[in-house]
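Chain nomenclature is as follows: A, B, C and D, assigned in order of appearance, with residue numbering initiated at 1 for each chain independently.
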Amino acid sequence: MKFEVAIDVMPRREISDPQGQTIERALPTLGFDGFESVRVGKRIAVVMEAETEAQARDIIEQACQRFLTNPQIEHFSYSLTVMQGTT
Amino acid sequence: MKFEVAIDVMPRREISDPQGQTIERALPTLGFDGFESVRVGKRIAVVMEAETEAQARDIIEQACQRFLTNPQIEHFSYSLTVMQGTT
Amino acid sequence: MTKPQVGVVVFPGSNCEQDVVHAFRYLGAEARYIWHHETDVSGFDVLVLPGGFAYGDYLRTGAIAAFSPIMDSVRAFAHEGGPVIGICNGFQILCEAGLLPGALRRNTGLKFRCIPVQVRVETTASPFTSSAGEGQVLEIPINHFEGNYFCDDETLSVLERDNRIAFRYCSPDGETTAEANPNGALANIAGIISEAGNVLGMMPHPERAIDPEVGGTDGEVIFRSVMAASSLVTQG
Amino acid sequence: MSTPEDLHRQLGLTDEEYERIEGILEREPNRAELAMFSVMWSEHCSYKSSRIHLKTLPSEGPDILVGPGEGAGIVKVGDLAVALRLESHNHPSFVEPFQGAATGIGGVVRDVLSVGARPIALFDPLRFGPLPVEGRVPQTVGERNRFLVEGVVSGISSYGNCIGVPTVGGEVKFEDCYSGNPLVNVMCIGVAPVERIHHARADGPGNKVLLLGSKTGRDGIGGVSVLASASFGDDDADKRPSVQVGDPFTEKLLIEACLELMEAGLVVGIQDLGGAGLSCATSESAANAGNGMKVNLEAVPRREQGMEPFEVLISESQERMLVIVEEKDAERALSICDKWGLAASVIGEVAAGGRLEVTDNGSIIADVPAASLGDGPIYDRPIQAPHWIEDLARQEVGASPPDDLGKTLLELLAAPNIASKSWVWEQFDHQVMLGTVVTPGHDAAVIRLPSSSERIAVSTDGNGRYCYLDPFLGAQHAVAEAYRNVSAVGARPIAITNCLNFGNPERPEVMWQFAESVRGMGEACMALGTPVTGGNVSFYNETSGSAIYPTPVVGMVGVMPRDVIPPPIGFQNEGDVIALVGMTSDDLGGGEYARTILGKIGGRVPRLDLGTEATNGTVVRRLIELGLVSSTHDCSEGGIGVTVAESCIAGGIGASLELDDELAPHVWLFSESPSRYVISYPESRSDEVIELVAGSNGHIARIGAVGGNELIWGPEIRLDLETLTATYKRSFAEAMGYAR
């Protein structure tokens, strides 16, 4: 089966996010109001092949924990969808 | 009203994504199989205040088009949710 | 002859402004800093947006700086034909501000690179290269993480048709090979010129190749060209 | 749940230390005070185990303006003050290599800024466990080491490049012992007009205390989190980040804002916020001026809500500085910060009477004598020579020659310890500020100073393997090698700073290594006329009970007039004479040949005669001053073989070496006898050169001639330049997984 996975990697809340803070400060000076907080992370879009959804989830979680993110400073979440016509 | 907005900024499809390719190549050497394609973009998580949802969408779209993304190389999508207890 | 007056724009996070000022003064021009909050650029013959990390390069290189108050004045100055040079981060800012087409993306090697490279002068019909020879190979250092020039096919063909590619990365004997391309830039592009011909953006740092004590002198020809062009304007 | 009685122990304070605190306060300390004392009296902040040894280092001399004790040491160069500081960021870099190394740069830059100097150059002496190519450690360990190298180099690149301070030198060395404990040392050099040196002094009661830079978060307070868990429950502990994220953009603004404040004459005193954060900066600056300070914590801008007062007090959030200004100047100071887009606020004022009084919205959080926090305990810890020292020294290394000398030389040139580190320094902006006269890849970096007729030359050196075998001699070698590197570009060495990386000082063998190293370093500095302007001690570098090699790292500064031209390390002209200044003996012990080719760590560390070192250095500097030489290169790791090969590669020209009939070929080629330089000069200059060297009691011998496109030595070595160059220049990138 083929899956499309969207992984979101965000800086942990208690870790400072200088990039987000700088964008936050810039927005009002560009005329964009109302922004209270901005945090910047990564989005990783993956297409993968696995036997089952459970297996796909397992691989993604392991890859995130061991390679794609640094749990010391980031946390991740992901959503997974079966690609049509591939079952 | 307060909104939580998650903006996804991805490199445009026709443009090569060396970072994604590098991860794609590294995954099997680390024992992660089945990955067909990996693309890396940004996720921007925003908390904002606006009168209405329509206004919030308007601000986000403008901010994305004019500032948060560069349409020559990136495209964006976003999802918006009303934060509880703020109406 | 009065000395050409060079204005060097300083954004928060710029870090090559002193080097650019040094280089122009070394070549006999007057050079002064312009803080990005200022808006008055009268009296300057040339404006330079120097290298560095304006606003930390956060979000995208040049993205926040492109909105600085000074940029409207830079735009107006360029509109009236004044020569503008963006070096490295300055090039990125000019692209983000729409003064030059295209964008600079992360180097394909995914590494920051600080090395000398060769570039070939592709046109001498510009105020920035008039003193150089067509096809002349210059050795100038690069120093960037995002120097991978990109534009769409249509823009590329316009740039080529109108002779607006100023420099291409090349081998020491002038071949524009893939190995000579340090960052994956489209068509080995190292620098481009605006439609009106008076705005130059380039990734290599000519100011680092002017004072013989700390590098070669191959960058001189670019600054000398623009100084000559501006004194023509001044004497007008 | 801990009881209040053993809270101090969990905070790392001994019962005696706790009693002493009670004595000072004449009561029990409250939680915030306990937090402050525990951090300030930690090894890291108080130097309690090292102080009695460090005292013995020579720290005075005609060129020294400010010795140990300030944010950075300062030497006088012409009309300018040159500040130097070397620091470690070892543990954070092991946990998160990119951010650890990045914030290490940030910290050392603020140290230099705090004495009023503009940071102008960075160096990064690094030590890692072996890369996978060496096959010395299990594959997974090798890969982890490679990951660390990659991350540390990117972190330095990202931070240093962004703040616009060139990284112009450093080292990358590999030994098995650093696998569990890499060393990330970073050095910063700064420059200021002599009359504008600043001090960490809170003078003038009534003066305002400004905090500028980033907002304060719960950074770096992991060690005292027991305080919170004792009072608020354990789940709070994960709110404390164990890794700090650097913000080079704010650092750049901080540099410019502080320099503008100083230039405007608004700064009475200034101090960076490093270890122990506000606790340290406020108490130390107050105590240095014999004053006290009133601090209002509610005025400290915070990154997070709900921070406890003690957390604000000891937070080690990055990119912050404390500045003391007169009341009348406070507005102007704030507006300068505002211009640079930096958050700044008045958080208190200098007070007479010597007490540090901290309040939060009116309630008293801490009230202690300011001086007592910096006046921690001092220990004379037991020392004992390790039993294995003698066994290691007796090891036989290199009695029999290798089969193929040419192949051996290539193997050495490809070894990660020796191969060119261009893969590393090409990721560093080493040119910004247009001051880098001699770039990375040479013996020492040479930097020109703004509007000065002098230049400085700087090198960082250290040899952990030598120190493991003989800490006294090994530390002397570190000083001597730095002396040689600085001399090889024509500069007169004037001072050092250091970073002393060791294991657990509570272990007598480690303490012995430390004491011996300090003694060796002190004697060497005395003999070579390079006093110690300060330093940094990093203890507890061990994982699961096994310590790193004792690794003192030296950063040396030398001066040279602007009109002296540093010779290249590469051979220049066909036909030039190649000569060796200094003598070669059988010194394979502890060397790169023994380690890399024979796989042995052992033998006797080369003997070192400091008098000869000084003589040869002086001679080489004289040769350079007179313009007699075409090239100079110091001869160290890998011996004459490697040194001559490097000179061929750098110059793009071959050489033929003459045979030596006294030493076995491999000994002559790879011995690491100290105090040597490989130089080249035109035949026509021969008499002058020899006369000068001989007249100074130096030793010089012709060893070959420059020319051709091969490196030739007798019938045994014939290597073409292309092979040499490719091996030397590509091996490191390849070992890092980048085949180019």
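Details
We take it that contacts are C-beta pairs under 8 Å (C-beta built on N, C-alpha and C of every residue); 3 or more make two chains touch, one makes a residue touch a chain.
Everything numeric here is computed off the predicted structure, so don't read it as measured data.
The chain pair A-C and the chain pair A-D differ in C-beta contact count, and the higher one is A-D.
Centres computed as Cα averages put chain B at a distance of 41 Å from chain D.
Chain C and chain D, compared by their mean Cα positions, are separated by 36 Å.
Multi-chain contact residues of chain B (touching two or more other chains) are listed as 67-68. In chain D, the positions touching at least two other chains are 247, 249-250, 341.
Contacts with at least two other chains are made by residues 55-56, 58-59, 67 of chain C. Of all possible chain pairs, the ones that touch are A-B, A-C, A-D, B-C, C-D. Across the interface of their complex, chain D is touched by residues 12-13, 15-16, 18-19, 22-23, 52-53, 55-58, 111-115, 141, 143, 145, 205, 207-208, 211, 213-215 of chain C. Remark: chain B residues 15-16, 18-19, 22, 67-68, 70, 72-73 touch chain C in the complex. Here chain C touches chain B in the complex through residues 59-60, 63, 67, 96, 102-103, 105-110, 150-152, 184, going by the rule given at the top.
Note for the complex: chain D touches chain A at residues 95-96, 99, 214-215, 217-219, 239-247, 249-250, 303-304, 317, 341. Looking at the complex, you find that chain A touches chain B at residues 2, 6, 8-10, 20, 23, 26-27, 30, 32-50, 56, 59, 62-63, 66-68.
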